[in-house]
Amino acid sequence: MKKPPVPLIRDGVRADGRAPDQMREVKIAVGAVSNADGSAVVSYGATVAVAAVYGPREMHPRHLSLPDRGVMRVRYHMAPFSTKDERKNPAPSRREIEISKVLREALEPAVMLEQYSRARIDVFIEILQADGSTRAASLTAASLALADAGVYMRDLVIGVSAGLVDGTVVLDLSGIEDQYCEGDLPVGYMPNLRQFTLLQLDGTWTREQFLKALELAVRGAEYVYQRAREALKGKYMSIAEEVYGS
Amino acid sequence: MASISPYGKRFISYLRREQIRRLVAGKYRVDGRRLDQLRDVEVRVGVISTADGSAEVRLGKTHVVAGVKVGVGQPFPDAPDEGVLVVNAEVLPHASPYTEIGPPDEFAIELARVVDRGIRHCGYIDSKSLFIEQGRVYVVWVDLCVINDDGNLTDAANLAAVAALASAQLPAVAKEEAGVRLDRGRRAKMPVDPGRAPVAVSVCKIGSVLFLDPTFEEELSVDGKVTFTFSQDRIVAVQKTAGHFTYQEIESALDLALKGRDALLSALRSALESPGAAGQ
Amino acid sequence: MKKPPVPLIRDGVRADGRAPDQMREVKIAVGAVSNADGSAVVSYGATVAVAAVYGPREMHPRHLSLPDRGVMRVRYHMAPFSTKDERKNPAPSRREIEISKVLREALEPAVMLEQYSRARIDVFIEILQADGSTRAASLTAASLALADAGVYMRDLVIGVSAGLVDGTVVLDLSGIEDQYCEGDLPVGYMPNLRQFTLLQLDGTWTREQFLKALELAVRGAEYVYQRAREALKGKYMSIAEEVYGS
Amino acid sequence: MASISPYGKRFISYLRREQIRRLVAGKYRVDGRRLDQLRDVEVRVGVISTADGSAEVRLGKTHVVAGVKVGVGQPFPDAPDEGVLVVNAEVLPHASPYTEIGPPDEFAIELARVVDRGIRHCGYIDSKSLFIEQGRVYVVWVDLCVINDDGNLTDAANLAAVAALASAQLPAVAKEEAGVRLDRGRRAKMPVDPGRAPVAVSVCKIGSVLFLDPTFEEELSVDGKVTFTFSQDRIVAVQKTAGHFTYQEIESALDLALKGRDALLSALRSALESPGAAGQ
Amino acid sequence: MASISPYGKRFISYLRREQIRRLVAGKYRVDGRRLDQLRDVEVRVGVISTADGSAEVRLGKTHVVAGVKVGVGQPFPDAPDEGVLVVNAEVLPHASPYTEIGPPDEFAIELARVVDRGIRHCGYIDSKSLFIEQGRVYVVWVDLCVINDDGNLTDAANLAAVAALASAQLPAVAKEEAGVRLDRGRRAKMPVDPGRAPVAVSVCKIGSVLFLDPTFEEELSVDGKVTFTFSQDRIVAVQKTAGHFTYQEIESALDLALKGRDALLSALRSALESPGAAGQ
Amino acid sequence: MKKPPVPLIRDGVRADGRAPDQMREVKIAVGAVSNADGSAVVSYGATVAVAAVYGPREMHPRHLSLPDRGVMRVRYHMAPFSTKDERKNPAPSRREIEISKVLREALEPAVMLEQYSRARIDVFIEILQADGSTRAASLTAASLALADAGVYMRDLVIGVSAGLVDGTVVLDLSGIEDQYCEGDLPVGYMPNLRQFTLLQLDGTWTREQFLKALELAVRGAEYVYQRAREALKGKYMSIAEEVYGS
């Protein structure tokens, strides 16, 4: 591992002042993209993901539809100006293609696709700013956009990342932590069903560190889940206000 | 097959189209605006912390983000002492039910090129200040991300690009053994001349009635659409994108466009004067 | 603007000897591509465009067809040897994609697409030599190819360019004028209906210069239109001769 | 449109799927294996004479060939003193009726990236020994060719890549006027540490029953699949590719994976100890 | 998916095909030609003023334009003292109702490669004269544009390429600080040896009857097609593109091809001797 | 032609010790790819080709199917590690696209496509090691894979190459011979029908050399054909043994 420009953790405090088990500020706005059937903007610190959902709608070409369930398509993409130094080429990279796949597989367990025979549901995610944990923020945004679109779901899928920084297990990696840490563990979690639906790992971990990081991720996901519920409630409260008066 | 036009197709129901057209014939619009009235326009700069300059524009429900990134590259052979400007547009699949996944289609390419021509020819950027050394210049990327398309992308995207450039900073150049590197710790102002800011204004026609700032539905109902870009009192770009116009209609459209120009310019100026207030 | 190697205009005379309001030599040949349903070769000076039309024919894939009108597809492309200095990469550039779109939108007002439900009409344009005003020559060639194919049309669309050279408004830019002028204004015009269907502009123009250039373009289009009618008539006369004897 | 997931579709009949699931619920498998039992695994190194290193792995009917090619290139800017490793996977259209012709799809890309991450982070290759001179390093390409896909590609492909690297040789560098050239007449050992060889082990779940080494049909019938990669006693990569897991299931899957690890590691070691016997 | 063959499909009605086959069986052809008779062939050089060399060939209704462009580039590593020849073919969508928009398909690629092989191996171009300096050589692009396809593209395209090269001029090299630049104001003759001009001749077979210069319809009706390219009295390229041949048929086809060669060669020679008359 | 590092032929003996009319060792294994409907691995010396056949199966998209016959699709591709020096880029090259076409046209005369209306048969060929004569080995492998898939065939198509080395006509070019020879002649031959179905040539040949090379290719193909029949028989014998006991 390379040496970071600043110590990532000192006396139990991280470079940005957080405790190891602390999320960055989480902001959530549901329904921000007016043309979409559902949408959400989620930020974890300086990381910003915008998700939009179109569908259920007809599948083209038809021979790609399935007779007994819907097909969910997921695209994760980074805006050219979302990265810290150089401009990111907008053509999809191998990394973006892999992440699109794991996010789809992280969302599928939560969506009742069996209700949507022959249809397709499209989930589009754009990273506007990247400062670590982009796939975690994407997952939360995508879940909320699906819920906002009225798609039947078993639970929300909340994304959070854990990491191994100077031997300490920490929650919600920032960009600089992601770059210099000894290990990265992005997680997708359904808080009510208590199921992991995204699980990736990178780096060098002992069994104990890995399991501890999973536990930390669960706590992080439960925290974000509360914020997500408030945001959903907030949107529907404000719609109710519009409709029925306050 | 992006190399043959048209790419994809866009719909509006016949009834809705006729309703829009009937209203405009009587000088009304579906959202109650006057013919020469723009939707609410909001310009905010400095919205993307990872970019060297950025802005977002909301024109009614149309939403565009522009990000500037600065790099180092080679000049064009016919302008060895000038920096390079590249404008690129991506209409995100978020933006409407019609957008396909893939490389920029003809709509996105035209959008980028019209914005590019408006900026390139009016002296808004001082290209010579982007020279670094023999064979090496600054490359200024302007990336336009359309997040929601409710019509009139050109006017919104042009405004976002112009505001993002005005807010942008030029990283210093660090010369090292291995070559030239940008040092984002030290920055200078991007060499733009706000007085020459180009402003694009689109004019639509239904029957012989002209109007400004079309919504997405209106765009699918028109008999003609033409965009004028102004810098100071000059015309620096024109692009007819739909239908046909008589000479007299073009003249009237030009006059109408100047009204729109004034409204957009004042939105731009407020944003540039109070960037702090507008920052996220 | 860069300095041209020769003065573009001196004492009201342009570098190639033309007056400001003068077209280069216009040559038109209709029906040159025998497999096509319609075709035309148009040259404005050294600029040569070959247009071929196929259709109306069945649309593939079918879900791209329209129930109430035909779809016209237009492709503008430059041959690799058509440019003055370096070989042009044959892959379609962004410029070619944009021009394909504006030429389609310049031709659509003239073609009675409502007569061709569910069908498609393909218009292919290849620039064999480029010396300025390629999209103008393309438009004239495409119109004639459509007429030659027997497609129902309201009028011909004639392409001409105007430009601003050393403060003078001129007609039909040559390559060197295009490269060094202060402004370029390609126009498509239907002479009988008196409608502009292509209108682009580049450079720095006053309102007066712009309007004067439009007027000049109309005169240029009217001139080219006469040549185009003769060429069409010529072709059908010679067919008549073949069929009925001379 | 490789940039949106999913790419293509894969089938198993409903009846076959239910049969497989019923059996596993009773701790049986269609091919008679125990839940923690791998299929026969065969590793052979040195199978491709044109490569700088190679191996083939047969895991039951799954068949993967890995070839190593060494080149010379530039280091990554953030690691100027290290060589470059590139892992690429092609699932040949030979491999199953579902493979489409074209650039690597999301399955092949994920396969390559999971194998890459397993190798990259465990110290198996000494990247610093791949440095040549300022600005010039060895580039080590590992190309994975899947010839037949009967499930569990990840475990097989990882094993093939690791074995191919262990068997690989590094051509000497000849410095010439025109630059640096590889001289395949003179070769050194590839700097790998066999003791750190990463081993990927996939665990599947049907209901709450966990099992190792799924066949293609089993993969299409599962409620969950997760791959662990181990180096020595560390976990160096994890990838959940299907379904969902509770915390307890992940813990049990980890224990089961360690059993699989031992079996794969011993197959790898035999192959590396007797390359002569295994050579074609 | 250009990487799997076939690409697209081409049709002829069953009845038309049978008519053509019946006629040929009786040694007649639909257009009244003899079996060994070419259609009218017209070769004109210097037809493209923007090219460094050019020619157009009309073979009946088949129409091909070839343009030569000269650039500067790096030599191939295995021939550091030789210039580079690149032949590329585009079958324009103009050429037939079957041509799809997109990068060159398998027909266009094969066409370019057969023409390339004919030119490359016969000494027609003196590649060593295209050397400029260590690491820098002339790159000669030959671009073939098929404007109308009425069959036998290979013979027509080969002739156009050969004539365009014979008419081409080599711009002088201007060495500047910033590197090497071509100066099209000063030009030399392209180093070709007209005596070695390669000529491609295609022979078709229906039943056991052989004939020359097939039309598009005839090509879709044959039992075999093979192209021979001759330079002086040598065979420098062969390509069987359809069907099957016995040994005796190949021998007879070779003899028939030599007749066609003489006709095409004389058309080429007239064009090269009177370029003025043929220029546009 | 460039000068080879070693003499390619001396006293009638080739660099690898072969006589001019001698094949390298030919190895054939039928049925090696278990998922495929048919498959074969063929090696000529160090050149190794793996062919797999899928089909007859349904054609997608349907408008590419033919009403009166099947469509055979053929893909020839080289593995990135199959070449001697540099890694081969896995994207299909123009050479691979051309070879895919000529191999398809070499196999079509042998396959009774008229039996497979509206269906498609896919033939995939991967070169694992390339040491000359790759298209020849590919053709033999593809034929055997088709036969193994039970596709109706008129004959096997056997691939062999001939070449012109120092003025001598030789059989089965090795990689180094291919690189430095005066001429290369890959051939596909149906031994029972005595028909050539692949015929390409490169280099500089007299009429006599060409015809002599064809004769040599026929003899080489007849030799390989015997090996191919044994391999097919061997596979079906061993299946019979499995089924009926030995």
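Order as written gives the chain letters A, B, C, D, E and F; numbering starts at 1 within each chain.
Quick note on the criterion: a contact is a pair of C-beta atoms (placed from the backbone, for glycine too) under 8 Å apart; a residue touches a chain by one contact, two chains touch by 3 or more.
Small disclaimer: the values here were computed from a predicted structure and weren't measured.
Between chain B and chain C, the least number of touching-chain steps is 1. Graph distance from chain A to chain E, where chains that touch are one step apart, equals 2. Averaging Cα atoms per chain gives one point for each, and the point farthest from that of chain E is the centre of A. Annotation: A-D is the more contact-rich of the chain pairs A-D and D-F, by number of C-beta pairs in contact.
With chains reduced to the mean position of their C-alpha atoms, the one farthest from chain C is D. The interface formed by B-C recurs in A-D: of the pairs listed in D-F, A-B or A-D, only this one shares over half of its residue-numbered contact pairs with it.
Between the Cα centres of chain C and chain E there is a gap of 31 Å.
Centroids built from CA atoms put chain F at 51 Å from chain A. Chain B and chain E have Cα centroids lying 47 Å from one another. Residues of chain A found to touch two or more other chains are 61, 75, 77, 122.
Residues of chain B found to touch two or more other chains are 3-4, 101. The residues of chain A lying in touch with chain D in their complex are 2, 64, 66, 71, 73-75, 77, 92, 94-98, 100-106, 109, 122, 185, 190, 193-207, 210-211, 214-215, 218. Against chain C, in their complex, chain B makes its touches with residues 2-6, 9, 78-79, 106-107, 109-110, 112-113, 117, 121-122, 226, 231, 233-247, 250-251, 254. Partner chain B is touched in their complex by these residues of chain A: 33-36, 39, 46, 50, 52, 54, 57, 75, 77, 79-87, 90-91, 122, 124, 126, 128-131.
The touching residues of chain E, when paired with chain B in their complex, are 101-102, 178.
Chain D contributes residues 48-51, 54, 61, 63, 65, 67-69, 71, 88, 90, 92-97, 101, 103, 141, 143, 145, 147-150, 182, 184 to its touches with chain F in the complex.
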